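Data first, discussion second: the structure below is written as structure tokens.
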Amino acid sequence: MADVQAILREVQAGRLSVEQASELLQGAGKLDYATLDLDRARRTGFPEVVYGAGKRIEQLIGIMERLREHQELVLVTRVSEEQAQRVLERWPDVRYEQEARLLISSRKPLEPVRDGYVAVVAAGTSDWGVAMEAAWTIRCFGSEARVIADVGVAGIHRLFDRLEEIRGAAAIVCVAGMEGALASVVAGLVDKPVIAVPTSVGYGANFGGMSALLTMINSCATGVAVVNIDNGFGAGYMAGMIHRQMQA
Amino acid sequence: MADVQAILREVQAGRLSVEQASELLQGAGKLDYATLDLDRARRTGFPEVVYGAGKRIEQLIGIMERLREHQELVLVTRVSEEQAQRVLERWPDVRYEQEARLLISSRKPLEPVRDGYVAVVAAGTSDWGVAMEAAWTIRCFGSEARVIADVGVAGIHRLFDRLEEIRGAAAIVCVAGMEGALASVVAGLVDKPVIAVPTSVGYGANFGGMSALLTMINSCATGVAVVNIDNGFGAGYMAGMIHRQMQA
Amino acid sequence: MADVQAILREVQAGRLSVEQASELLQGAGKLDYATLDLDRARRTGFPEVVYGAGKRIEQLIGIMERLREHQELVLVTRVSEEQAQRVLERWPDVRYEQEARLLISSRKPLEPVRDGYVAVVAAGTSDWGVAMEAAWTIRCFGSEARVIADVGVAGIHRLFDRLEEIRGAAAIVCVAGMEGALASVVAGLVDKPVIAVPTSVGYGANFGGMSALLTMINSCATGVAVVNIDNGFGAGYMAGMIHRQMQA
Amino acid sequence: MADVQAILREVQAGRLSVEQASELLQGAGKLDYATLDLDRARRTGFPEVVYGAGKRIEQLIGIMERLREHQELVLVTRVSEEQAQRVLERWPDVRYEQEARLLISSRKPLEPVRDGYVAVVAAGTSDWGVAMEAAWTIRCFGSEARVIADVGVAGIHRLFDRLEEIRGAAAIVCVAGMEGALASVVAGLVDKPVIAVPTSVGYGANFGGMSALLTMINSCATGVAVVNIDNGFGAGYMAGMIHRQMQA
Amino acid sequence: MADVQAILREVQAGRLSVEQASELLQGAGKLDYATLDLDRARRTGFPEVVYGAGKRIEQLIGIMERLREHQELVLVTRVSEEQAQRVLERWPDVRYEQEARLLISSRKPLEPVRDGYVAVVAAGTSDWGVAMEAAWTIRCFGSEARVIADVGVAGIHRLFDRLEEIRGAAAIVCVAGMEGALASVVAGLVDKPVIAVPTSVGYGANFGGMSALLTMINSCATGVAVVNIDNGFGAGYMAGMIHRQMQA
Amino acid sequence: MADVQAILREVQAGRLSVEQASELLQGAGKLDYATLDLDRARRTGFPEVVYGAGKRIEQLIGIMERLREHQELVLVTRVSEEQAQRVLERWPDVRYEQEARLLISSRKPLEPVRDGYVAVVAAGTSDWGVAMEAAWTIRCFGSEARVIADVGVAGIHRLFDRLEEIRGAAAIVCVAGMEGALASVVAGLVDKPVIAVPTSVGYGANFGGMSALLTMINSCATGVAVVNIDNGFGAGYMAGMIHRQMQA
Amino acid sequence: MADVQAILREVQAGRLSVEQASELLQGAGKLDYATLDLDRARRTGFPEVVYGAGKRIEQLIGIMERLREHQELVLVTRVSEEQAQRVLERWPDVRYEQEARLLISSRKPLEPVRDGYVAVVAAGTSDWGVAMEAAWTIRCFGSEARVIADVGVAGIHRLFDRLEEIRGAAAIVCVAGMEGALASVVAGLVDKPVIAVPTSVGYGANFGGMSALLTMINSCATGVAVVNIDNGFGAGYMAGMIHRQMQA
Amino acid sequence: MADVQAILREVQAGRLSVEQASELLQGAGKLDYATLDLDRARRTGFPEVVYGAGKRIEQLIGIMERLREHQELVLVTRVSEEQAQRVLERWPDVRYEQEARLLISSRKPLEPVRDGYVAVVAAGTSDWGVAMEAAWTIRCFGSEARVIADVGVAGIHRLFDRLEEIRGAAAIVCVAGMEGALASVVAGLVDKPVIAVPTSVGYGANFGGMSALLTMINSCATGVAVVNIDNGFGAGYMAGMIHRQMQA
């Protein structure tokens, strides 16, 4: 879609047939039940990620098989226990992060490839799983992720104890349920972008996380942007992208 | 409704006629357009309060006139500039608190009659009017009110600067709009009841204060209870009642 | 965080090392999966409470073990049958209040330590569990709790029969589902603070308790503040705190 | 649409032409900008009512003119001051009920034509206009309407003072804003149908009356049905219909 | 609460002791887990009804036992299969209406005691259970109930086929889910009060019946009032009360 | 209901008895538990469709039996695995489309009877079932349906690869969950009507598909109309109707 | 974006320069404050339409000027009185449809260019403006539009009177506010696609048209699709497109 | 709050008095009506920003005066025409960006201080003001902002024309109202973080921007985070912070 003039020049010069040019402008790689986006890594800097929830086991394995051929890294989110077991039977080298509900298939070890780190700050123990999802996504980007858990505002000194570590990060993911106040407090204390993840933790009038989402969207502090409820992956992706930018 | 047996015994003893007893069980004092609740001070410890919004000027003056006859204190809330002017023309002794939108007609000066004080903590300058409404209501209860303004969580050190004063209060009214996180932070730091008032300050997805209300209702900190959006009067009433209890 | 000047003076006088002072300003006591707030009793007047829902059994026991070492009282809310059984196997002295879904581990018997009592008024039999949660929380504060159940407004004489007892309380917790009208009626009849708890009891357009919450937040009666849906613990905590204040 | 066989028999018998029959099955009376439902009185027992809000003055007068020709009674709801003035200039015999925002054009005086009465019970002075709308609609049905105002639950003895009068009614319209608790309390005390009208009176989280509507829909008392917010006309219509039924 | 003067006169005359009078003004009959409202039949014209959902079997049987002693009719709503079986084992004379989820214990056969009937009109086959709940409640009032099912507006001629029967009723209960349009269409065609019951039948954006509820509340037709979602009992109660009034 | 004059003339001429005419104006065909709309094919161009969800197996078979007698085509939507098995046991000729959750009983093979085709464009693999429901409904109309799956906007080149095929369609059904942006993009690129189907695919703040529904309703592109969440049948019906119109 | 291969072949053949091809693949015509989509007529079959609301008068005139040069037809929606006056001063040949709030600038007279017509069916007189917006949009497509107004379901015979005319249409736009039931009733009676437009007409719990929107989305009748609230233009566009298809 | 140990050491060494240390740990600079956060630039990397909406002119000028003394840059958001005029009278050097509703008082010219740029991509002309607010905020950070307007998805080729420029940015702010689909499309095409700003542009069921907010929160594309409705400032702040990080 992109280098239109470049491709056109190749055609003009006769170095590219009409069919090839058309192909280049249109992409490749289909499966019966899915149109894989093998070009995504080049386009967005990160390979296609598979949303595991609700996929039948054959579908999941079929998609992973094709992606493993073309991509160095295959990440599957929202994986159930059962899906994980079946995939691990098939490919014992795949890593299953249970709390994060992630499957990670990587040709290279997940080691930091750049300086600095991203902080993942979580309000309560119940937010742990979402925080882990963010942390492992960040690691897939080649960044270090440090998780700072259980520092919610009901006992705010716990947060201040860890403040230096949070301030030292290149970007901050902030995970909180219930009233989600942590994001505003953190953003008021740091000079780094804060990606806020509301979680569905809570009860009564929390509306499955909508309360925390509204809190974060209405934050009185600047430097906060918000992803979907329980979307640790999305927040980790955003933070990983920001960190990667810093040393691009 | 209350001392049924006592009244019945008076009737039995012939000291009270059936009509008088019936009257006692049923109350008095009507106006054409309102049934004044002159018994309220005895029943709830605070005289009837007039909700000014939307009342025509003659109605307002009529009601105030009758109440001034029977009550030491007449409090009118949500008063418009125009209503205030007209009332002040009629009774120059009435006090008009413009920011709080209150009219106060009191036979005695509003001076503290008990030890201690109630703290009114407000997040932003835009929450000032609601905080004032709470403060003056507290003063009508005969309590001292100390207002601590503009200490929102975006610059949390401002709150810590005033923490000793807040902790010293008998009860705390906490006023905040936008995401309303202040209530949770305060409640986590004190051992006194916190009455939280969400305000309609903010924009976008704040839904006229609903965002702050949900934040406060879902607070992860204990010792917080919530009143309606912008209801400074209600919060001041609750806090005044708690303070009064302490030295009953 | 608090006595900054006091601590600084200790440092100045050489009576406190920098490390000790830093520690004092920053707190202690971590677990792998939780940052316990052992300082909370001093700060808020009540020790840290554990939210049981969704915690794995080892986590729950680990947290309780640590808290039992440092706190006279350990309270766990929203406990499942299974969690309770496992905890009781470990510590037979722990008290399990099934209807209230509470675990209470207390070094001292839960007996009233002050005069007066808190009334817990509930509208229907289905609100019983939430009322019990409030009542036991109040008892953990060292206050007497009297439960007055099934006095909803559909048969309002039932409420009047118990009115003297309600009026005699230092504070009132009012528990109601469906349309939640009980809180307004009670608040109009008493001179004590009413903490209203909406419950999720009802069906159809009750939106899991949101209908009752809105009713209570919009109450035409003064002296009402509201906690989250089904949050008997929060209401009991608020009422216990108010009662404790009265004889502080 | 109704007496199909009857009309068909008239055609069969030659007493009715095809055109006449067709006409009978299809109605009459069109205007350029409106299809008047002149048949409604026969079908529903009450003539077509005009919704005044937003109608241009010529439209309103045009519609009223046509209806006055065919109907004994013409009722216009939600009339603005300006609309009223212009209509009264045109037809000085039309009655304008300002508080109720109604125009009533009746060939006969509006006097009760049956025994008994309908009670219109209103919670606050701000609910007065809606109560008046209900009362005048009831009078248009030929029933007596008694308005019992300002008896909200914040001072519930005011309601008990009027209870006998309320109980004596054939049907009860109950008008309340804010939390709308009055409907439940009244329905628990009477053996007559209660038509509840939520009003938009209130502020904050009352959502323009939605709070009161939910309260009434979720009422724990039986014998309550609800109409739209501020719809005094609709409630009066329902109650008038019920009363009319009683002596049909 | 009611005949205050009458009771007072009895006391004055010495025919009633203070204790007896007090008792009369305050009611009777408590159970450990419930405050039964044995006075309700006298006050509202229908004995107390038991809401079965969520009650433990011993509670349910205990309550029914007490009520059977004092009331001619005991009605239990929202009964599960299991509850029903256990109750029928205990009292084989109790009637279980499975589709309506009702238990009916009546000393007299449920036969019409007055002329005329109430029509229960239902839109789809899935609304059948709610319609049955309305119908049996009406029968408990001593009225005849005629159910006219599956006449939704998608095939409106089905409604017209039954129109005469609907028009002949003293009152109409109209049950519909999905978009709930049936109530408006019926109300436009009859001169009797229509009690509309939205049902939770539907999917997607029906919000568990809220869509149908809003439709009915906003009806452009007059003579419609609405009860809670799936509340067939409430609608039947209202209609039964209206019919009873007609021949009072 | 329709040819009123024609039928009346037949009666006038004596060629039709009153009973026959009445019958013609009123329809036929009832079952105990359902009022089948056998006339629907004539009236709306498509025979009555059965909504399978929640129907008991005997009901379903009874309804299908009657419809199979009168209709060439019987379509049942939202069929469970168990319902399907039981129906197939009874009539092995019935076709069960598992992914689409449809039962199709057709006397003639489902082959295209007109030129052109309808495109069913789906955003993700999880939207497949809803897309299939749309496709098979279109085929029941005698139109060809081409499904173009997994072309969501996150990799928009996948859409452009299939653009010519989409543009060639007579009408387009567009199925998308999550944020539902696909409908706007497609509608901006084609000159054919787009029927948008929001799906409940997603999590967090997607509110069971409400997010996608709002997106589609607010589309900035013209030529989009929307059906209920997950309503593949409704969209296919609409598209089939449009295609049929083209060659009427 | 479209004829990629064709354009590429032109480049290959040397008949098109790289710049020209690039231009063709990328569009033209920018203004300082807007990127006009001059290619839209070719792509979607209808030229770009201007949304007038909120545009400053110079912007509006600037955009119209450019579009008038390139397009046969320029349509501006949501035009205020003031905007219209200023545009008419500039170009007296522009047509201003006040009720529809449209400006139409057409080089050719707006006369039907194909057989058949589209019916615009509106429930109440207040829906007239939205109906007119739909009608004039249809006329811009070169189709005849017949408006059938004030046939809401409260007097359903008015609808039946016009049924033949409605059935004869190629497509039907159905405009209704309040509860919006008209769409379901119409769709159950015809064999043509119904485009439903909810309007914001109504009050109370109509939520600015959301009530009617939900009604239409949840319609129990098939063959209904919905556009945004008050979006007469969108519905007319959809219907015009369907009619155009029929004779393509 | 931060360098606790450092400050303590200064005290220990006698180089800092207790009062000074206390001051350092607590901040400075109060006004009567506001607690200015003069420390913010050091803490968060950007000086305190003033929210202009609703501030009285004296308040605004008072706050600006104090901030101008202490800060190089003073930024005021949501400024009305009238506020702007009064401020410009006072300080003619202040810059007023009308469309962005910003006042900017800067000691240094706003010129880029680092390589690269941030792209601000806006869907429609009505989103222009919000886009400008983002752009000027970015410029206050010392970054270049390039605005790419009117490239909404209804004519998606307009977006592709500008794609290289968008891809070249360090971060992307994406501004869109109505259905807000632009953010998903852009994020699927780039490898840079996308900050999405929903706007309140639209009508009907857009709920003042909530529709676009939900779209963006539920985006199927990765690398998107969202700020409040119409919050161009917040998005620009976030993007400026990210860009600044890149060359820190």
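We just call them A, B, C, D, E, F, G and H in the order they show up, numbering each chain from 1.
Everything below uses one rule, namely that contacts are C-beta pairs under 8 Å (C-beta built on N, C-alpha and C of every residue); 3 or more make two chains touch, one makes a residue touch a chain.
By chain, with names taken from UniProt: A, B, C, D, E, F, G, H = Nickel pincer cofactor biosynthesis protein LarB.
In this text the structure is predicted, and so the values were computed from the model without any measurement.
Visitor: Which chain pair shares more contacting C-beta pairs: D-G, or F-G?
Guide: Result of the comparison of D-G and F-G: F-G.
Visitor: If we define chain centres by averaging CA atoms, which chain lands farthest from chain G? Would you check?
Guide: C
Visitor: The E-G interface: which of A-B, A-H or B-E repeats it, judged by over half of the contact pairs being the same residue numbers?
Guide: A-B
Visitor: Where the CA atoms of chain C average out and where those of chain D average out, how many Å apart are those spots?
Guide: Taking the average C-alpha coordinate of chain C and of chain D, the gap between them is 48 Å.
Visitor: Quick one: report the Å distance separating chain G from chain H, using the average Cα coordinate of each chain.
Guide: Each chain's C-alpha centroid was found; their separation is 38 Å.
Visitor: Need the CA-centroid distance for the pair chain B / chain G, whole Å please.
Guide: Roughly 53 Å, centre to centre.
Visitor: Two or more other chains touching the same residue: where does that happen in chain A?
Guide: In chain A, the residues touching two or more other chains are 1, 26, 43, 124, 154-156, 160, 187-189, 204-206, 210, 213, 217-219, 222, 228.
Visitor: Which two-chain combinations qualify as touching?
Guide: A-B, A-C, A-F, A-G, A-H, B-C, B-D, B-E, B-H, C-D, C-E, C-H, D-E, D-F, D-G, E-F, E-G, F-G, F-H, G-H
Visitor: Which bits of chain G are touching chain D when the two form their complex?
Guide: Listed in rising order, the residues are 124-126, 128, 149-151, 154-158, 160-161, 201, 203-206.
Visitor: Enumerate the contact residues on chain A facing chain G in the complex.
Guide: Residues 4-5, 8-9, 11-12, 14, 18, 21-22, 25-26 of chain A touch chain G in their complex.
Visitor: Under the stated contact criterion, what part of chain E meets chain G in this complex?
Guide: 123-124, 152-156, 178-181, 184-185, 187-189, 202, 204-207, 210-212, 214-222
Visitor: Over in the complex, which chain G residues touch chain H? Could you list them?
Guide: 1, 25-27, 33-35, 37, 39-40, 43, 48, 51, 53-55, 59, 78, 198, 200, 208-210, 213, 228-231
Visitor: Inside the complex, what are the residues of chain F that reach chain G?
Guide: The touching residues are 1-2, 43-46, 49, 160, 163-164, 167, 170-171, 187-193, 195, 213, 217-219, 222-228, 233-235, 237-238, 241-242, 245-246, 248.
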